[in-house]
Amino acid sequence: MTGIDKAGILIEALPYIRNFYGTTIVVKYGGNAMINRQLKEAVCQDLVLLKFIGLNPVVVHGGGPEISSMMKRLGKEPAFVNGLRVTDDETMEIAQMVLVGKINTELVTLLNGFGGKAVGLNGKDANLIQAKKHSDEDVDLGFVGDVELINPQLLNILCREGYIPVVSSVGVGEDGASYNINADLVAGVLAGEMQAAKLILLTDVEGIYEEPSDPGSLISSLSISKARRLMAEGKIGRGMIPKVEACIDALQSGVGRTHIIDGRQLHSILLEIFTNEGIGTMVVPDEKREASK
Amino acid sequence: MTGIDKAGILIEALPYIRNFYGTTIVVKYGGNAMINRQLKEAVCQDLVLLKFIGLNPVVVHGGGPEISSMMKRLGKEPAFVNGLRVTDDETMEIAQMVLVGKINTELVTLLNGFGGKAVGLNGKDANLIQAKKHSDEDVDLGFVGDVELINPQLLNILCREGYIPVVSSVGVGEDGASYNINADLVAGVLAGEMQAAKLILLTDVEGIYEEPSDPGSLISSLSISKARRLMAEGKIGRGMIPKVEACIDALQSGVGRTHIIDGRQLHSILLEIFTNEGIGTMVVPDEKREASK
Amino acid sequence: MTGIDKAGILIEALPYIRNFYGTTIVVKYGGNAMINRQLKEAVCQDLVLLKFIGLNPVVVHGGGPEISSMMKRLGKEPAFVNGLRVTDDETMEIAQMVLVGKINTELVTLLNGFGGKAVGLNGKDANLIQAKKHSDEDVDLGFVGDVELINPQLLNILCREGYIPVVSSVGVGEDGASYNINADLVAGVLAGEMQAAKLILLTDVEGIYEEPSDPGSLISSLSISKARRLMAEGKIGRGMIPKVEACIDALQSGVGRTHIIDGRQLHSILLEIFTNEGIGTMVVPDEKREASK
Amino acid sequence: MTGIDKAGILIEALPYIRNFYGTTIVVKYGGNAMINRQLKEAVCQDLVLLKFIGLNPVVVHGGGPEISSMMKRLGKEPAFVNGLRVTDDETMEIAQMVLVGKINTELVTLLNGFGGKAVGLNGKDANLIQAKKHSDEDVDLGFVGDVELINPQLLNILCREGYIPVVSSVGVGEDGASYNINADLVAGVLAGEMQAAKLILLTDVEGIYEEPSDPGSLISSLSISKARRLMAEGKIGRGMIPKVEACIDALQSGVGRTHIIDGRQLHSILLEIFTNEGIGTMVVPDEKREASK
Amino acid sequence: MTGIDKAGILIEALPYIRNFYGTTIVVKYGGNAMINRQLKEAVCQDLVLLKFIGLNPVVVHGGGPEISSMMKRLGKEPAFVNGLRVTDDETMEIAQMVLVGKINTELVTLLNGFGGKAVGLNGKDANLIQAKKHSDEDVDLGFVGDVELINPQLLNILCREGYIPVVSSVGVGEDGASYNINADLVAGVLAGEMQAAKLILLTDVEGIYEEPSDPGSLISSLSISKARRLMAEGKIGRGMIPKVEACIDALQSGVGRTHIIDGRQLHSILLEIFTNEGIGTMVVPDEKREASK
Amino acid sequence: MTGIDKAGILIEALPYIRNFYGTTIVVKYGGNAMINRQLKEAVCQDLVLLKFIGLNPVVVHGGGPEISSMMKRLGKEPAFVNGLRVTDDETMEIAQMVLVGKINTELVTLLNGFGGKAVGLNGKDANLIQAKKHSDEDVDLGFVGDVELINPQLLNILCREGYIPVVSSVGVGEDGASYNINADLVAGVLAGEMQAAKLILLTDVEGIYEEPSDPGSLISSLSISKARRLMAEGKIGRGMIPKVEACIDALQSGVGRTHIIDGRQLHSILLEIFTNEGIGTMVVPDEKREASK
């Protein structure tokens, strides 16, 4: 690559660095990017890079597969209702150990390995994520919760002081009980509370399609009303729905931009933020009709 | 109790509040106080009280028995050499999940229940506790570590901003690996780095005795040189030795006072700090000959 | 007393310390508590304790008996109209010398003796208390004044910097003349201007009674409207009326709670603030119906 | 006066304003300037002007004649030994009332009348002036004290926040007792502790003379060693000696310049500071040989 | 002059120093005061004096005669339409070099010579003065501009940090081109943006007259509506009109007072600000009827 | 270019952004980069990019050719002795107008066009560059100066507040006269005073060669002692000598790294700072033997 090519990349990134300097970027981390070692490292490197150049990344993660795997090691069979994990006392204890004591710690270690100063948190720290029991379903799912309230003060302090917060999606009930909450939804509310400039949700697909079966129908900019229509029409899969809802929720709370991007692509976060074309699907308010990024 | 009695207690506490206002108190939490529900709550209530009146408590904890219990649930037999846990990869993973994802989170929740703003941390957060492999023994103990370096900056920020840090004694090696470290020793070094006013170690005995077999021989003030002599004479048990060494280490790093107290007594922390007679054994520098607290 | 008893007292005080931390407590000092040496010391010790644990006490005092006594030493007969001192030039000069140069200085010295950093002030310092001539009476009482305006800036700075302001109830007129003002009323306005959490007025009775002749009729919580009715019915004595009015004025200016307590009880301030039952009579807004403290 | 004349005065003042901006000027107030109404007002106006243009004046005052006069009103005969007032309990009480409750308050009022924000203090406020019993004389003089220690923190805060501190020369002993201290000496130590740029002592003569009997022998710049010689030769009167000693003491503690000036001249402080020729006698270190101001 | 006379001048200045402390004074510098060496130095000395005593002077200057003179040295004939310079590319280049590289630098040097810390700026620095092409005239005048927007942030920072900004009246267009703008108008808008306490415009006459031909008809206080009437009646000359308009504009943007004064009088700025009678013509809002300064 | 290529460039830049965040980078701007429009814009874009990502660029420039050109337009023949311009009064006036009123302003405008907030300065602003007459030569060169002292305070404030200072190499003598100083040497001293992390000098060659005639002999890392030897051997041309000396001077004052790079290459500054290989010649202390950048 010639010097001029290299300079070109740096120069393309310039207006984005200017625009996002000092802002908060909430990244929901999950899917393959959390399993594949190379992807994992690329995501962590990207997040540290964001911090180095003056943005404030905040990471939110869940960890379904690892929870199930640990349950099995302990002789317990995972069960789901409408995609939600049935979470009795023991399951919650296991989930929390895996999320907080394993996945979170590993992420923190990786981020620090790239020169970041990451700090692991979960919703119980300083009552960061207050939860209430999820009660939409017919059956009692146990300790499955919804976000009641986010206290972003601790996150703001850590960001200001140079740290990268890494948040496990465990919430705390009024009685001190732990609740397992969908990490996409946590990320959406948290981005709103922190008045983030961007919410980025990593997935294992390229984005959202007009027709799920047609890879050429990837939507680069999706309005809220169209997203709702696609969901009503059943064109958005169950796993993707909380992501879309997190985007809508965040947009309605004042977050600047929201993105569902392909976590399988190396350095997808950097490319989304710092290149003109961006990647994946950007969910936008209805009034904001933008053809391109 | 009469009003004058009540007032008397508050007034006795006055000079201690004055002396310790704004200072750091490092508390090593462990033993029965970590198992018995009532003791646990009393400790947490005490720590929150300290914070409310302007002291900066920092909690350090280990969690041997719960680690062993989880290992057994996972079909793994705990093994020890000279009192140190043989810690292979899988053991370390389990230890970390239990310490960080269970014990720490539970402590944080309890502290918050009393109105504190506790934040759980472990040595990997912001590289708080840098460890090196423990190599004093003849056999390879795996991921058993010694403290190489404490970075107290994150703790200082959290204290200043009104939080109570709760630190699991997991360290991070240069390569990012987790190390299991004796929590007493972590507490000692950490107290030194933070220039704590006090280091308090909770145990399951009343303190240190001249003659272990004679309950009447409890030593209220123990000089470093006498402590060393008692250890040499074998009069201090193996479990107590790291506590005494933590005290000596802390004193030599400038910590004001160090205490080994009985965690089985309800509110022993409050009583140690705020009453004239104190409790347990205070380890003091040789030159500081104090008959009483 | 057992350790557990002692701990209990400290723990009872906890929610009050939490609630009042950083707030301002205005204490009107007077009556026996200003004459009896033991009571005087107990009050000062209490105030220093409040400061040590993070509250901001501000003391307001008058000093009628000592003024009369000094007048007599100088061969001048005190005279009163409707309980107000007839205050000519010379009387005002004497009153000021006694209040500022004797009572105030003595209070400051006592507070400092308990480890406080007290600073004596009067209404002329930085025009703290601006007064206008009192003109409700038929006769000209000379330099008897009412509060026109309080400038709390100096008090706020001193509190913030760790000092305990002690204010003599001398006001300054537009022309620079000194005015003698009722200290209860000064305390009430001052508490309002400082947005104090509490106004505490020390008296020589237990509080306010339904029936002055019936000691069993002490009112622990008195609404403003009931207070007005009792005053209208003549059931509140002349000396008590300015205290009740100070409470009403303070409540209407946003002060949290107002208390008329028995200054003859040792450490009554501590007991009022830090025990569940409190003492004396709390004057409360009408809408705030609280059976107990 | 023409515009150019007026401008000339302002311009002459310029380098002095530049030099003294933000510095502390300690003024010992006394003599005729404290008795004559016109002089008093001129001094207060000058001090407020200094504050307005960014200097930090601090006033120290005594008040011998008024103390004696009040003693007589109370039927007590003043007594002196070697120029020092014999100060029993009652005398000290009277002295304190007069200094703190009368002279200080009057000064504060005058300064505020000119638009200043003056705050009256004495050595007991925040233990500002710690005293020890004066013991140089053969006889016991009672509560006559020497300066043991000055705590300038309160003064520094008040200056920084825009106030003019006015300090009565009453000190506090270890036991809380009041001590009467020579105000010149207080001013000297205080100027040293505050690292004042100037110490100005107002007197009732033009300055110091080579020959007391020869008005033409006024010394404009007096070295420390020459001052000592003149004192040894008896050429400096008893009342002037503490002033000269205060200057020497201040110079040796790092005060920039010290001046003994004629308080009988209207606005002598302004003229000393802001005109090229200055007035009175400047006491200078030996090594600092300056012919003119 | 006697000491009392000198003191009198200083004392007269006192209320003005108090009133203007910390405020911004915008001075439009021009005319003879910019040519005559003695006047130039007097202006600079005055400005530095203002800074020393806590005011924040900001200087705005143009430089018509010097631009014409440099044009002639370069063989270019100056041309004017309705008093506005026809400004082609080359003329603008010359104008900028003269204003920024000669007049401004010289002013800065003079101010620094009197002990100031002056910093030269022009409208292109940090886009301080954004201009649009002047289009009121029938002919195309080239790079003659009007003020579009003032960004006062840089000026505020420099003032706060102790510097004296000296601003050349060169503006920057959207395309980066330089525009020559009338310095009076720049000064007026800039005073408004900085919420200056005063705008002072130096001219070569005593002020504004009722009858231009009658030197005795100098107006000391001129209301906006009267100023407009005089302009409509042709009684205010063309060179004076932008000054009057600058005053009106500034007043309507919240500037406290505006003055057109005689720059030929030595130290006219000092005299205007610090003497009771002031000098020149003060333009005042209609509702503000003030007989004297 | 693929996403992964793009990401690679950004990632390569990461450690440099981390290392240089918050540091000062002094860039001496000159040669072709100051003439060619495209190069000029590329340099300005690079500098603004540096600022956006948290570095503090400071620009120093001279402008020999434009000064000569303006002299000729004014009918004055440039003259040189040993490469130094003979600078009489008129020449200095012209030089200053060109440097400050033309070149500097143009640079500021370009930088602002790319979104920077540039502020033009010269050595007379706040006495930034104090100069003394250059006296090394046999003949009197007039207003040719050497750096006597740099006052970096203004530059530090502007950097901290988000501005990019652009400094013309004009110095001020004690008497206020302007001096023409070699811009390379100014940049060297200034980098030292600001404790810059880097000094970058733009030239019109690739760097320094072992053998000037052999383009393959470009030296990428040149020690001070070797630089001195090459100068002694005449292998470094006269124009390059001040650059080498500026580097040596800067290194000896604590500047981290110094670079002589090819200003003819587009975006050479970005490439030097953010790529692993760097460009041009890095001058390094003797003890610092680094084969590569």
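A few notes on this one:
Per-chain residue numbering starts at 1, and chain names A, B, C, D, E and F are given in the order in which the chains are listed.
The rule we apply is simple: a contact is a pair of C-beta atoms (placed from the backbone, for glycine too) under 8 Å apart; a residue touches a chain by one contact, two chains touch by 3 or more.
Being a predicted model, the structure only gives us computed values, none of them experimental.
Repeated interface, listed pairs B-C, E-F or A-B, reference D-E: B-C, with more than half of the contact pairs matching by residue number. Centre to centre, using the average C-alpha position, chain C and chain F are separated by 70 Å. Per-chain Cα centroids separate chain B from chain F by 57 Å.
Multi-chain contact residues of chain E, defined as those touching 2 or more other chains: none present.
From chain A, with chain B next, the chains follow one another around the ring as A, B, C, D, E, F. Residue ranges of chain A in contact with chain B, taken from their complex: 73-74, 93, 96-102, 104-105, 108-110, 112-113, 117-122, 124-127, 154, 157, 161, 163, 170, 172, 176, 178.
On the chain A side of its complex with chain F, the touching residues are 1, 3-7, 9-11, 13-15, 17-18, 21, 42, 45-46, 48-49, 52-54, 115, 265-268, 270-271, 274-275, 279.
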